[in-house]
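The letters A, B, C and D name the chains in turn, as written, and every chain counts its residues from 1.
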Amino acid sequence: MPSTTVTSAELLAVMGARQLRDDTTVFAGVGVPLLAAALAQQRHAPQLTLVIEGGIIGPRIKPGRLPISTNEMRTAYRASMLPGITDAFLLAQRGFLDYGFMGGAQIDAFGNINTSTLGADYWRPRVRLPGTGGANDIISLCREVIILTAHEKRRFVPKVDFITSPGWLDGDGSRRRAGLLFGGVSRVVTTLGILGFDGESRRMRIEATHPGVSVEQIRENTGFPLEEAATVTVTEPPTDDELAMLRAFDPDRRFLG
Amino acid sequence: MNAAEYDFIAARRRLEAKGKSAGEKLTSVDDAARRVHDGDVVAVGGCLFSRTPMALVREILRQRRRRLTLVRNLMCTEGEFMMVAGAAERVMTAWMSIGLPWGVSKIMREFVEGGKVAMEEWSHLALGLRFRAAAMGVPFLPTLTMLGSDLVGVGGMKTVQDPYTGQTLGAVPALFPQVAILHVHRADRFGNCQIDGYPHMDADIARAATTVLVTAEEIVPESVIRRHSDRTVIPGFVVDALVHAPFGSFPHECYGLYEADYDHFDEYVRAIDANGSRAVEQYLARYVYEPPSFADYLDLFGGERLARQQARARELTEA
Amino acid sequence: MPSTTVTSAELLAVMGARQLRDDTTVFAGVGVPLLAAALAQQRHAPQLTLVIEGGIIGPRIKPGRLPISTNEMRTAYRASMLPGITDAFLLAQRGFLDYGFMGGAQIDAFGNINTSTLGADYWRPRVRLPGTGGANDIISLCREVIILTAHEKRRFVPKVDFITSPGWLDGDGSRRRAGLLFGGVSRVVTTLGILGFDGESRRMRIEATHPGVSVEQIRENTGFPLEEAATVTVTEPPTDDELAMLRAFDPDRRFLG
Amino acid sequence: MNAAEYDFIAARRRLEAKGKSAGEKLTSVDDAARRVHDGDVVAVGGCLFSRTPMALVREILRQRRRRLTLVRNLMCTEGEFMMVAGAAERVMTAWMSIGLPWGVSKIMREFVEGGKVAMEEWSHLALGLRFRAAAMGVPFLPTLTMLGSDLVGVGGMKTVQDPYTGQTLGAVPALFPQVAILHVHRADRFGNCQIDGYPHMDADIARAATTVLVTAEEIVPESVIRRHSDRTVIPGFVVDALVHAPFGSFPHECYGLYEADYDHFDEYVRAIDANGSRAVEQYLARYVYEPPSFADYLDLFGGERLARQQARARELTEA
């Protein structure tokens, strides 16, 4: 396909990849986060180490055999170490994981995420979602968490029905007061722009827009009011280079749409 | 949360009262499965569609166990089977479905939303620490995960104050299951087990449980184990029953040996999309209740399919 | 050598071996305890598993290459598993280790053992001994501990200078009150006889004498008063069988004297 | 006990502030050892005379480090060297000497009884749990060991109440050393390390420390590590410096490769029996300060001796 048409997944992967620095480690979920991490590694962060919650360290992507789950041979392809699930998370608890890189479901103004239940009663939910998996642990234990998600009003709700994975909870010092001594959500990379959080109130705010997107468009697609950072920048569009590298990982367009 | 789950003193007394033989453990899958009783908390080894002890799951279903609490860090089709068959009244997990391409489990939704099965959700690490605390013989482990989330209220996790720094941490309670069911790559007839690739949580689960049932792809001579003793992850004296079960995890995967059969998952999910849990009932009749032996079960997939999945595993691990 | 002359080490090994039942596990120290466990395994407990604190499970004895330490290839010879040190002890904490089998140094009336320091000041001891190694853990965590030691007055003291490894502490319920919820010292097998502990007071007492040894002799060689069990039996002397099997392990008589 | 030892928050901040590169780690032994500073708490891998990082110990002595706290579960000749050289002011261990045939360490007695070195004794498991707590990033771990003994007062172990059962357990404090020095069987140039045979406590020690220095018998291509990724026990991003050091543990052993040189221990102890710590001073001059490189050091033993010890290792592990 011509690089001029960029899918939502491609946009998220490219913008996400740019967030990662070299000489770091990233705890990445399968799908777009893993593709974004792999792109960063190939493009500008050759000494980045990928860690996957299946207990997999330093895997490679085998084009055409993209991982479907966090626990399978495709995910462990040419890995450098397979410590096991519990010990992989314990590396994060110790402080060895710089970035947590995950997709979102229902997210609120403080970056709290719900992947458990919709409705008032947890034990008799209106909708039962799959659950946290490792999301709660990644957001609790990594030095910094970046969320990649499509920007839709139904996803960006004022308050999640259930806090599966704690962002900044109620803002201010509430996360630390809850005993979460480290980390937190630093950015939410969406299909419309890049959101961050105010240093004090920890409320979500607009930090950048993607080319051709206005802050109004972002607000219209968000279920709660959004402040703006002192300066709202415009992101550089994905380059042909970035798209070519990314697409080489997923020739069947399983995840890139 | 049931207090018996973390009663480390009672759990230890059960082990003290038990023989810990270095002797023969080989038996049949139905004899092994008879060690599971109605109402037991059963911990399932492997993770999602990796190293699921399918031969034992199948036999537990055939023996029509009831009121089980199924515990597994990520639950897959085995959990759906147990729900539809009426074997499980409660599941403890961090996540349940098959995987991204197959969407949210309709079976989980039907049984949990309908109140027929209680789904107790813990974070992935917290569940791993519940097994590890039990494996270590202590009633809890301190942690920095799961705090501040609504999951705390679901499982009833408490906190503990560090006596040195005064800092408050999460205290993940131990989980001592009655039974562990595991599938491994190889074992000698005395139950010394070795696993290739990612270990998942099997070693902790084996130490946490009172009764340990294992199926193995291969039964090897004792000398093979002793020549590579640094690959052994479960000692024989921990194992109560061992069953030789090649492809014992199929259609789920076994690292290095066969890839999960995604096509089979496609068919299975298509049928559920069309007929809901009725489709699973039909699936159970065909794959669980009708084939008398596990070999008969494997015949339903056919040698060609098994060989294809073996080839796909080699492509990914013989790199 | 003719089996008629039996060395102290041989007597301890044989009498110790007889304490172990089949279908159990034993956490054994190197030297005489390991030889005793190996003898039991060959003679009457084929399904006994030896565990050594170096993190070694199910090793075999290579005649002429007896282990010198708990952490070397001789000790791991043909082992079935090598879980590592911490995890081997954790198996004991969980309840998988039936017997602890160790030598003694300075031992008192309640079975407390000192292998740390002689003298009043721990930090400036009159004599600094090597230390606990795993003895404290074995005596704290195994279901039942059996001590094998030469019977000398200087070893059997009324009160040890320093409790390195806790036996019954001050007797009665003091061990449990200290938080040691499990196990305890069940027997002290010596070169003169077999000592046990009163079920209530937990004071050491005479339970059996070796052939040709009197209870008086045992008392004369003990630094504190000893009660007698309701019935004091006389042990069977080592059989030619037992001695032959034992001596086959140690042709150079490194440990058998 | 120094509060910095178990300050898990500060220890985590040190890791957060540190690069975690997947890149090149290979360097020289003297460059590696320069990362050790006077007054550091140094955790030593291996156990007793097994996989002792002798090449690094030797270099630390050559660089005349001072006021070190040496931590090792069972201490051997390396501890005696550090005491006599004046490098260590404190040792933390469960046991110190060479082994039964060589009796109680006269060097330990001289330096500890004389008050020149403080010997802080912990039980073997307690010390293992101090490393594991640190490796897990928590300030303590609950345990049932060491309670009731006089060792509690020596190290200052506190207790903790289980929030679920109310039972009081021992609380072993975490130990976060500044530096870990380890010797392994093989690593790729990025620091991904594999160990054969008994793992000792090296994996926990590597995660507990802020700076990790590793010597390896063999530097292998990355592909070797990735082909057997389930044998890797320390990930490259944890390692700060990697040194290629064949026989890097000699005269101590390395599982499967060479047996400890008991004859050398005999000579060494005979000399101490005759001349006390003077003998160790002479030993250090001959084996540590005079030979400029580790290769020169190995030449003092000679190829024949090294080959003999290799053969003895094969006899015990190629069974």
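The rule is short, and it goes like this: a residue touches a chain if its C-beta (ideal position, glycine included) is under 8 Å from a C-beta of that chain, and two chains touch if they have at least 3 such contacts.
Because the structure is predicted, anything quoted here is derived from the model rather than measured.
Common neighbours of chain A and chain B (chains touching each): D.
Each chain gets a centre from the mean of its Cα atoms; for chain A and chain D, those two points are 39 Å apart. Centroid to centroid, with C-alpha atoms defining each point, chain C and chain D lie 29 Å apart. Centroid to centroid, with C-alpha atoms defining each point, chain B and chain D lie 37 Å apart. Looking at chain D, one finds that residues 9, 137-138, 143-144, 159, 167, 169, 197-199, 226, 229-230, 319 touch two or more other chains.
Residues of chain A found to touch two or more other chains are 76, 78, 82, 90, 93, 181-182. If touching chains are joined by edges, the resulting network of the protein chains shown has some other shape, matching none of path, cycle, star or complete graph.
Chain pairs recorded as touching, per the definition above, are A-B, A-D, B-C, B-D, C-D.
The touching residues of chain D, when paired with chain C in their complex, are 47-50, 73-74, 93-97, 99-101, 104-105, 108-109, 112-113, 115, 118-119, 121, 123-126, 128-129, 131-132, 143-151, 153-154, 159, 167-170, 197-201, 204, 253, 255-256, 259-260, 262, 313, 315-317, 319. Every residue of chain D that touches chain A in the complex is listed here, in rising order: 9, 11-16, 19-23, 134-138, 188, 190, 192, 207, 222, 225-226, 229-230, 232-233, 235-238.
The touching residues of chain C, counted against chain D in their complex, run 30-31, 53-56, 62, 65, 68-74, 76-78, 82, 84-86, 89-90, 93, 116, 122-134, 136-137, 140-141, 162-166, 169, 174-175, 178-182, 254. Interface of chain B with chain D (complex): residues 3, 6-9, 137-144, 158-165, 167, 169, 171, 173, 196-199, 226-227, 229-230, 319.
Those residues of chain A whose C-beta lies close enough to touch chain D in the complex are 22-25, 46-49, 57-58, 76, 78-83, 90-91, 93-96, 98, 143, 181-182.
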